[in-house]
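Please find the structures below.
In what follows, subunit A forms one complex with subunit B and a second complex with subunit C.
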Partner chain A sequence: MIKLFIDGAAVEVPEGTTVFKAAEQAGIALPHFCFHPAFAPEGTCRLCLVQIEGSPKLELSCSTVIREGMKVVTQSPAVGEARRGVLEFLLAEHPLDCPICDKAGECKLQDYSRDYGLTESAFREFKEKRDKKVAIGEKLLLDRERCIQCTRCVRFLAEVTKTHELGVFERGVRTEIGILDGVPVQNGYSGNLVDLCPVGAITDTDFRFKTRPWFLSRAESVCPHCGRGCNIYVDYHPGLPRVPGSAKVFRIRPRTNEAVNGPWICDVGRYGYVRAQNAGRSDRPFWNKDGAKTELGWDTAMAILGDKLRALVDAGRADRVAVAATSWLTNEELFLVKKIFRDDFGSGRIVLCDPRPGEGDDFLRRPDRTPNARGARELGFDPAPPALEALARGTEVLILFGPHIAEHFRPAELRAALDGIAVKVLVTPHLTGLEGLMDGVLASATPAEKDGSFTNFEGRVQPFAAAARPCPDVRSELEILAALAGSLGLRPDYYGRLTTAAAVRRELAKEIPFFGARA
Partner chain B sequence: MLKAIGYFWELLKGGWITTRHFMTNMFHHTLRLFHIKTKRPGAVTYQYPEVKKPLAARHRSLHRLMTREDGKPRCVACMLCATVCPSECIVIEAAEDADPEIQKVPKSFTIDLNRCCFCGFCVEACPEDAIRMDTGVIDLARRSHDDLIFGLDKLLK
Partner chain C sequence: MSAAFSPELIGKIEALAGRYPVKAASLLPVLHLVQSERGHVSAEDERAVAGLLGMPPVKVREVMTFYTMFRRIPVGRYHIQVCTNLSCALAGGDSLAAHLETKLGVKLGGTTADGKFTLTGVECLGACETAPCLMINFDYYGNLDAARIDDLLGSLT
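Entry: the complex of A and B
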C-alpha cells in the first residue's frame, strides 16, 4: 500500500494505481472524456489535469502512477484555468446543436462546460464544416462535427470486441473517426459505442429523435434475452396525462456489474425489448368463442378459467390439468406454478417448454434463449422439451405459458394433439400465431414490466423491478397465478400472503435451500 | 335587526364605490372634452365582440409556429417547450429531415389548449424562436374539447 495526499487528505492505495483511480477512491470525481475504467488510459482529452507537487507542469491524472508521499491538488486556479482552456478548444470546433442532439442532458461536454462556467467563446471565426450523418453501422450514425476525438469507440472495438472496425484518420485539426474500407461496425456489441461516446457524436437510430433523455425514468432490471442475465437499466417514459400510450420503454442501457456483464450489453438485449414492446403484443385477454375473438375484462377471463378448474377439482379430476411453463417466467412465478399445480392439484403434467437454443459467443451472449433456465432447473423443472403425446393425453385443461411450444412441433401435429383438450389457455406477452389454436389468451407482462428475479447460468439470483407498462391491460404471471389461487380458494392462509414478488421470494428462500443460500 | 343594518351599510358602501368611479371617469372625460390632458384616460366600455380592445404588444395570445424562408417550420423538435410547460400540454413527435443542416423536424406538434395556462414559458424556452404567442387571438371558446387541441396545421397558419 502506498500513501499519498489528494487535496490534503491522506489516501492509501495499492502500488501501480493511477492518480485518477486514487482520487476516485478518495471520493473525488475528476472530469474526463477519454478515460474509461475498462480500457488502458489514453490521455488524449487533457481534461483530467491535476497539480502534483514537485512537477513543473500539470499532469494527466489518468496515466500518472502514484508515488509514495505524492501531494496532488485537484482543484486550484491553475488546474481550473487549464481545464477551461481544454474545454474552450473543444467547444471551438463543436457545433453546439444541443437542441437536436440526442445526448443533450447526459452529455459530458455539456456538464463540464457548465461546471467550468464556459458561457462565452473567444472563438469568433466560422466553425469547421464536417459530415453530420455518417452511417458507420446498422444502427449507428456518426456526427463528425460533434466528435471530440476521445477515441473511446476505437479503443472499445480494439480492446473489447477486438474487431477493429473504426480507426482514426488524418492528423491534427483534420483528425476524424471513420470505418475502414466501408465495412460497417457489426459485431453484436456495437450499441455500446453509443453509451461510450461522451458527447453525441455516435447516436443510435433506434433512439434517435424519439424523446429527450430528461423525460425518462430508469428502472434497474435484468436482461431476459439469454442466460447471462446482464444487468440493465430500462429507460422509460412514465407517461403524460391525457396522452394514451405515452408510457413506454425507449431504450435499454447496460448497468455496470463486474461479476456479470461489466459495463456492456449485447445488441440483442439492447434492441430486443423496444421491438418486442411494439410488435405483436397481446394487450388484453380474449376468448375464442365459436371461432370469433371476444375481448374480455380480466375479471371475466379469470372467472372463466377459475370455473373450469374448479369444475375439475369438484369432480376429483384435478390431476387432469397440464401446465407448460417456460423459463421466461421469474423464479417466483415458476415456484407458484409448481406449488399450485403440482402440490395442490397433484398434477403430474407440469413441463417446461423453452425456445430452442441459438448461438452464443465467447463474450456475453449465451446459447440459451431464456433468462431463467437455471432457476427452472433448481426448482425441479425438466429442461428437455416435453413429449406432446404425454402432455395432451387425458388432459382436460391445458395452461401454456409462452408460445414456445409452436417451435418444437409442426402446426398440424400440434392441432391434432390439442384438439382433444377441452380448455386451452395461453398466457403470453406476445401473439405469434399459436393463439388460433387456443380457447383463451391471457395477456401477460414482459420481464421489463414486472417485479421478480431471474437466476442466471452461474446460479446468481438477480432481483429486478418493473418499469413502465405500455399496455395497461396486461398482468404479470405472478398476478394471474395469485388471483387464480385466490379464486379457487386454495389454502388462503398460505397463498393469501404470496401476492407480491418480494413475498414469494421470501417463501422461496424458506422452502428451497438453493434460493435460501442466495437470498 | 343589527344584521339588517349591517347589510344596508354594505349596500351603501357599494353604491359609494360605483358613484366614485362614475364621478372620476366623468371628471377625466369632461377635461378631455376641453382638450386638457390628464394622467388617466378614464374608463371606456368596448362593444365587444364588435369592437375589440387593442392588446398590449407583449400580450400572450394564441400560439403560432414560425416558418423558415422556404415555408418549413422553424421548430427543430428539441422539446424544450414541452419540458418547461407547467401544464404538460405540449406533445411533440420528431422526424428526420433530409437536410443534414436541419436534421430534426416536428412530425406532429400538438398544444392542448384545454390545459394551456398561457404562461408563455414555451416562447421563452424556445432556442429557435419557433413558437410565439403574438397572434392576438384571444377568443378561443370552442364547442368541444377536441376543437381546442391544435396541431401543426393550425399552429403554422
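Entry: the complex of A and C
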C-alpha cells in the first residue's frame, strides 16, 4: 500500500493506482469527460487536472500514477482556472440548444459548467456550423456540433465490441467523429454509445424528443430477455392523473454489476424491453363466451377459474388439471405452480413451455430467450418442449402461462388438441393471437411490474422489485396463484403466508437447497 | 476501383512492417510508399494496407485524414503544389497561383481534363529563401515568375 495526501487527508491505495482513483476512494469526485472506468485513461479532455506538489504544471489525475508521499490538491485557484479554461473552450464550439437536447438534465457539460465554468466567454465569433443529425446506426444520430470529442464512443467500439465502426477523422477545428464509408454501427450493443456520451452528441431515435429526463423516475430491475440477467434501470414516467396512458416506460439503461453485465446491456434488452412494456399488452382479464370477448373484473375472472378448479377437486379429479409454465415466471411463481398443482392437486401434467432458443454471442447475450431457465431447472422443470398429446389427453382444465406454446405447434394441431379441454385459461402479459383458442385470458404483469427473482444461467439468484405499472389492471402470476390457493382453501396455514415474493423466497430457500445456499 | 497490390508492392510493405516492433507502427511509411507507387491511396488501398498491417480500416482512415499530404483522390501525372503562405505571397505568390490557374484552365485543387496536371495551393513549403516557390511532384522550384513558369510547364511532357 502506498500512502499519499489528497487535499491534506492521508489516503492509502495499492501501488499502480491513478490519482483519479485514489481521489475517488477518498470520496472526492473529479470532473471528467473522456475518462471511463471501463477503458484505459485517454487524457484528452483535460478536465481532471490537479495540482501535485513538485510538478511545475497541473497534472492529469486520470493517467498519473500515485507515488509514496505525493501531495495532491484537487481544489485551488490554479485548478479552478484550468477547469474554467477547458469549459470555456468547449462551450465556444458547443451549441446552446439545451432546451431541445435529450441529454439536458443529465449532461456532464451542463453540470460541470455550473460547478466550475461560471464565466463570461471571451469568444465573440460565430460558432462553426456542423452536421446536426448524422445517422451512424439504426437508432443512433450523431450531432457534430454537440460533440466534445472525448472519444468514449470510439474507444467502446475499439475496446469492448472490437468492431471499430467509428473513428476520429481530420484534425484541428475540422476534427470529427464518423463512420467509415457509410458502414453503420451495428453490433448488438450500439445503444451503449448513448449512455456513454457525456453530452447530447449521440442520441437514440427511440428516445429522441419523446420526454425530458427529469420527468422520469428510475427503478432498478433485471432484464428478462435472456439468461444473463443484466442489471438494468427502468426509466418510466409515473403518469399524470388526468392523462390516461401517460404512465409509460421510456427507456432501459444498464445498471453496473461487474459480476453480471459490467456497465453494458445489449440492444435486444434495451429496445425489446421498452416495446414489451408498452406494446401488445393484455391489459385486463376477459372471457371468450359464445365467440364474443367479454371483459371481466378480476374478481369475476378469478371466481370462474376458482369454481372450475373446485369442481374438479370436489369430483376427485384434481389430477385432471394441466399447467404449462414458462421460464418467464420468477423463481417464486414457478415454486407456487409446482406446490399448488403438482403437490396439492397431484397433477402429473405440470410442464414447462418456453420460447425456442435463439442465438447468443460471445459477450453478454445468451441463446435462451427467457430470464429464468436455470431457476426452472433447479425447481425440477424439464426444459424440453412438452408433448401436446400428453398435455391434453384427459385434461379438463388447462392453464397456460405465456403464449409460447404457439411457437411449437401448428395452429390446426393446437386447435385439435385443445378442443377437447373444457376450460382453457391463458395467463399472459402479451396478446399474440393464441387468445382466440382460449376460454379465458388473465392479464399478467411483465417482470418490470412485479416483485420476484430470476436465476441467471450461472446460478445467480437476482431479486428485483416492481419498477413501474404502465397497465394498472394487470396482476402478477404470484398474485394470481396466491389468490387461487386462497379461494380454493388449500392448506391455509401454509399458503396463507405465501402471498408476497419475499415470503415465497424464504420458503423456497427453506425447501430447496439450491436456493437456500443463495438466499 | 484500383487494381490489387502487386506482389512487389506487398513485398515492400511487408519489409517495411518488419522493421518495427509492431506492424501497425509502419503505417506512415507504408502509406507514403503506396502513395508514391499509385499516385494516391484509395479507400480500397486503405483496406488492403489495414489487412496487411493487421489493423482496423478505420484507423488507416484516421491517419489518412489527419495528415494533409496523403491524397485520397487521384492526381495528375504532375502534381503542382504552389505556396500561398506569407513569404511567397509577399513575393507575388498569389499572382503566380492565379497565372497557373489561367494557364492550366483549372482552379486550385483541380486536375486538367487530360489528367496531366493537378494544381494545389499549399501552406509554407519551407523554402522561403527562394520565394515565390512551388513543388512539382518531389522537386522544388524557386525564384519564379510567370515567364519561368511557362518555361517549366513547357518542359514537362
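One rule holds for everything that comes next: the second predicted complex is superposed on the first by the 516 of 519 C-alpha atoms of A that agree within 3 Å, B and C clash if a C-alpha of one lies under 4 Å from a C-alpha of the other, contacts with A are read in each partner's own complex, and residues count from 1 in each chain.
In this text, contacts are C-beta pairs under 8 Å (C-beta built on N, C-alpha and C of every residue); 3 or more make two chains touch, one makes a residue touch a chain.
Only a predicted model underlies this, so the values are computations on that prediction, with no experimental measurement involved.
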| item | value |
| --- | --- |
| Fit or clash between subunit C and subunit B when superposed on subunit A | fit |
| Partner chain(s) touched by A:Asp181 [first = subunit B, second = subunit C, both, neither] | second |
| Contacts of A:Lys133 with subunit B and subunit C, given as first, second, both or neither | first |
| Touched partner set for A:Lys210, first subunit B, second subunit C, both or neither | first |
| Touching partner for A:Arg284 - first (subunit B), second (subunit C), both, neither | neither |
| Included angle at subunit A between vectors to subunit C and subunit B, based on C-alpha centres and rounded to the nearest 10 degrees | 90 |
| Partner chain in contact with A:Arg218 - subunit B first, subunit C second, else both or neither | neither |
| Which of subunit B and subunit C A:Leu240 touches, first, second, both or neither | first |
| Partner chain in contact with A:Arg342 - subunit B first, subunit C second, else both or neither | neither |
| First, second, both or neither for A:Pro99, with subunit B first and subunit C second | first |
| Per-residue touch tally on subunit A - higher for subunit B or for subunit C | B |
| Shortest CA-CA distance in Å separating subunit B from subunit C in the superposed model | 27 |
| Footprint of subunit A on subunit C - complex, ascending | 43, 56-59, 61-62, 65-66 |
| Residue ranges of subunit A touching subunit B (in the complex, touch as defined) | 97-100, 131-133, 208-212, 214-215, 240-243, 246 |
| Of subunit B, residues touching subunit A in the complex | 76-80, 83, 88, 91, 94-96, 100-101, 103-104, 112, 115, 127-128 |
| Contact set on subunit A toward subunit C in their complex | 158, 164-171, 180-181 |
